[in-house]
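You will see subunit A twice below: alongside subunit B first, and alongside subunit C after that.
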Partner chain A sequence: MLNNSTHRNEPAAAPVVPPAAIRLRPLSPNIQIYRPQLTSVLSIANRITGVISSIGTVALVAWLAAAALGPTAYSGFQGEIASVPGQVILAGFTFAFFLHLCAGIRHLVWDTVHGFELRTIYISGWAVVFASILLTVLAWAISLFVIT
Partner chain B sequence: MIVESSSQVARATLLKRFPIPSNFGVDPKSRITRGKTWRAPNGAKRTKLFDVYRYDPESSENPRLDRFEVDLDECGPMVLDALFWIKNRVDSTLAFRRSCREGVCGSCAMNMDGTNWLACTRFISDLADPAKIYPLTSRSIIKDLVPELTDLLAQYELIEPWLQTRTREPEKERPQSPEERAQLDGYYECILCFCCTSACPSHWWNPKRFLGPAALLQAWRWLTDSRDEATENRLDALEDSFRLYRCHTILNCTRTCPKGLNPGRAIAEIKRKMVERRG
Partner chain C sequence: MRDRTTRTALARAIGLGSAKSGVEHWWAERISAVALVPLSLWLVASLIAHSRNGYAELIGWLKTPATAILMVLLLIASFHHTATGIRVIIEDYVHSSWRFAAVALLQLLSTAVAVVGIVAILKIFFAG
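== the complex of A and B ==
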């Protein structure tokens, strides 16, 4: 038996209902006033790009289904993608994919308990942003100019 | 762009707040209204405007933002000095916690220009004009800048921040090598100001069930203490999908710690220990 560990053996106390004055207390603002910093912005961007990538995967399946359904369905799909809004959305999907990829690698490094000094957090954070922009541009350059 | 230490104040800023409506998701009783403006006394040459969050528990009004014009020639360099100037010269009903005025007690933790820090170690010159002074983020407010901390202290108590041993107490001290003692560096210095926990978005969305960086940093402090023998029990207490694992390594905590500590790394160490013991 551990010395000083009686705390966890106590039965849970009945929840106390606070008086009216306490229940009326306001909550101080959080996301409404907290400064966006590289830390929080990249974190939520990782989550959002994750959701976008999931939607992109469904779009990918739709494209493959269109290809399987025959020339008319496929050319219809390709026509939509070739339009300006289609290309913009495709570029958005590409960037979201690469940002999620780079941020994911950063997370894997953190899982080894490395790179937690503030300086390293910021350097790796900006590296993720610039790497994903670079990879997006590279992917589009290859698909537009190299792959004929 | 590259922040070397948490004491660095962001200079260039693209966004001062997230691009959402200013009262987004705020319940009606917490909505902030524009309050009074208090001009500086005549003859004040160097002045700065401070927008300070006010809440009067004895009135039924919503919290408001009062604008104070502070005479910088009459008060010291820190935000706490400005708050004292306001309280002594302008509005004596302004309430805030304070004690040591040198950044070691953690009483004056509050949100200044969007980030949590101690008022006594934040330079007035590092803030914008008008400077925005809010209480600690996402806390129940007792009055003005005084937040409710008992729930955070209860979460701290939950991790059992005391020595637990099986072996009999020694005659003198429990010996510890310098290397073992070095394991505590960066964790024992926490002053429990709760700047980190109230900066954590994950804690904003799960304040009751997620323990938050302050409590978890202290949990690591006891896990890594060579004299403590309750390691397995402490890790058992964290085997829960909310207590530890609502941390998604957002790292606002490490960015905001006024003592330069690293709760993010402490939590990563706990997660690694949790994995290691599974074998």
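== the complex of A and C ==
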């Protein structure tokens, strides 16, 4: 009990507040108040890339279903992927996947109660940014220039 | 004598407090995340390796037991992770009664899409 009454059954000497004022309790500032920081941007990016990766998984199932339906359906699907919009979407999925993977690994490390020093948070944050860019470029470079 | 608790008598009476099932959800999201680290890297590496292959070569690869097993595991982990992850986003941003509908729809859809993918893999594996 958070009142100062000594006896439990005695009503608390709280001021009478109209119900409307109770509902208008102060809120913590919303996200648009703050200047974007690496930490907050990566937190939101992890969510957005997670949603994009989920859509990518649905695309993977569509691709598998096309392969199961037969060569005609599969070549139709492959034609869509090979088109310019298809390649741009695939590149977007690749980057979203790698960012969500790297940010997810950072989260799993945090779950072990490690890496919460402010300096470490920023080092791991920039590591996520650069690793996901590097892995995306590497994946596409191998796909375009190494695989024949 | 005063209670040695910060909870109010009313809160205790109506049993509010922890939802009592949050840990299970949190744990499921982490387990699927850990499984997806090797599985998703395997998928991306395989898709790159097979990117120039035709239909027959792709089916040949999908027909190997290792590929079928890893693909089914990947789909189960992916859609479990999707269902738990997007549920958190829905619960953070949908405050109306649509929340229940959105979570239910998410779970139905993620299960349905996962089953479509698994059946596709099994069809290729057993029939070709």
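Here is the rule we use: the second predicted complex is superposed on the first by the 119 of 148 C-alpha atoms of A that agree within 3 Å, B and C clash if a C-alpha of one lies under 4 Å from a C-alpha of the other, contacts with A are read in each partner's own complex, and residues count from 1 in each chain.
One rule holds in what follows: a residue touches a chain if its C-beta (ideal position, glycine included) is under 8 Å from a C-beta of that chain, and two chains touch if they have at least 3 such contacts.
Only a predicted model underlies this, so the values are computations on that prediction, with no experimental measurement involved.
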Tell me the contact category for A:S54 with respect to subunit B and subunit C: first, second, both or neither. second
For A:P36, select first, second, both or neither according to whether it touches subunit B, subunit C, the two together, or no partner. first
Just to be sure I read the superposition right, which of the two partners does A:D111 touch: subunit B = first, subunit C = second, or both, or neither? both
Which superposed partner A:A67 touches (first subunit B, second subunit C, both, neither): second
Doubly contacted subunit A residues - partners subunit C and subunit B: 1-2, 8, 107, 111
Mind pulling up the subunit B residues that touch subunit A in the complex? 1-6, 10, 13-18, 20, 22-27, 29-30, 32, 53, 55, 57, 62-63, 111, 113-115, 132, 134-142, 147-148, 157, 160, 162-166, 169, 198-199, 201, 204, 229-230, 233, 237, 248-252, 254-255, 262, 264-265, 268-269, 271-272
Contact set on subunit A toward subunit C in their complex: 1-2, 8, 47, 50-51, 54, 57-58, 60-61, 64-65, 67-68, 71, 74-75, 94, 97, 101, 104-105, 107-108, 111, 139, 142-143, 147-148
In the complex, subunit A touches subunit B at residues 1-5, 7-8, 21-22, 24-40, 43-44, 107, 110-113, 116-119, 121-123, 126
Subunit C residues within the subunit A interface of the complex: 2-3, 6, 8-9, 30, 33-34, 36-37, 40-41, 43-44, 48-49, 51-52, 55, 58-59, 62, 71, 75, 78-79, 82, 85-86, 89, 113-114, 116-117, 119-121, 123-124
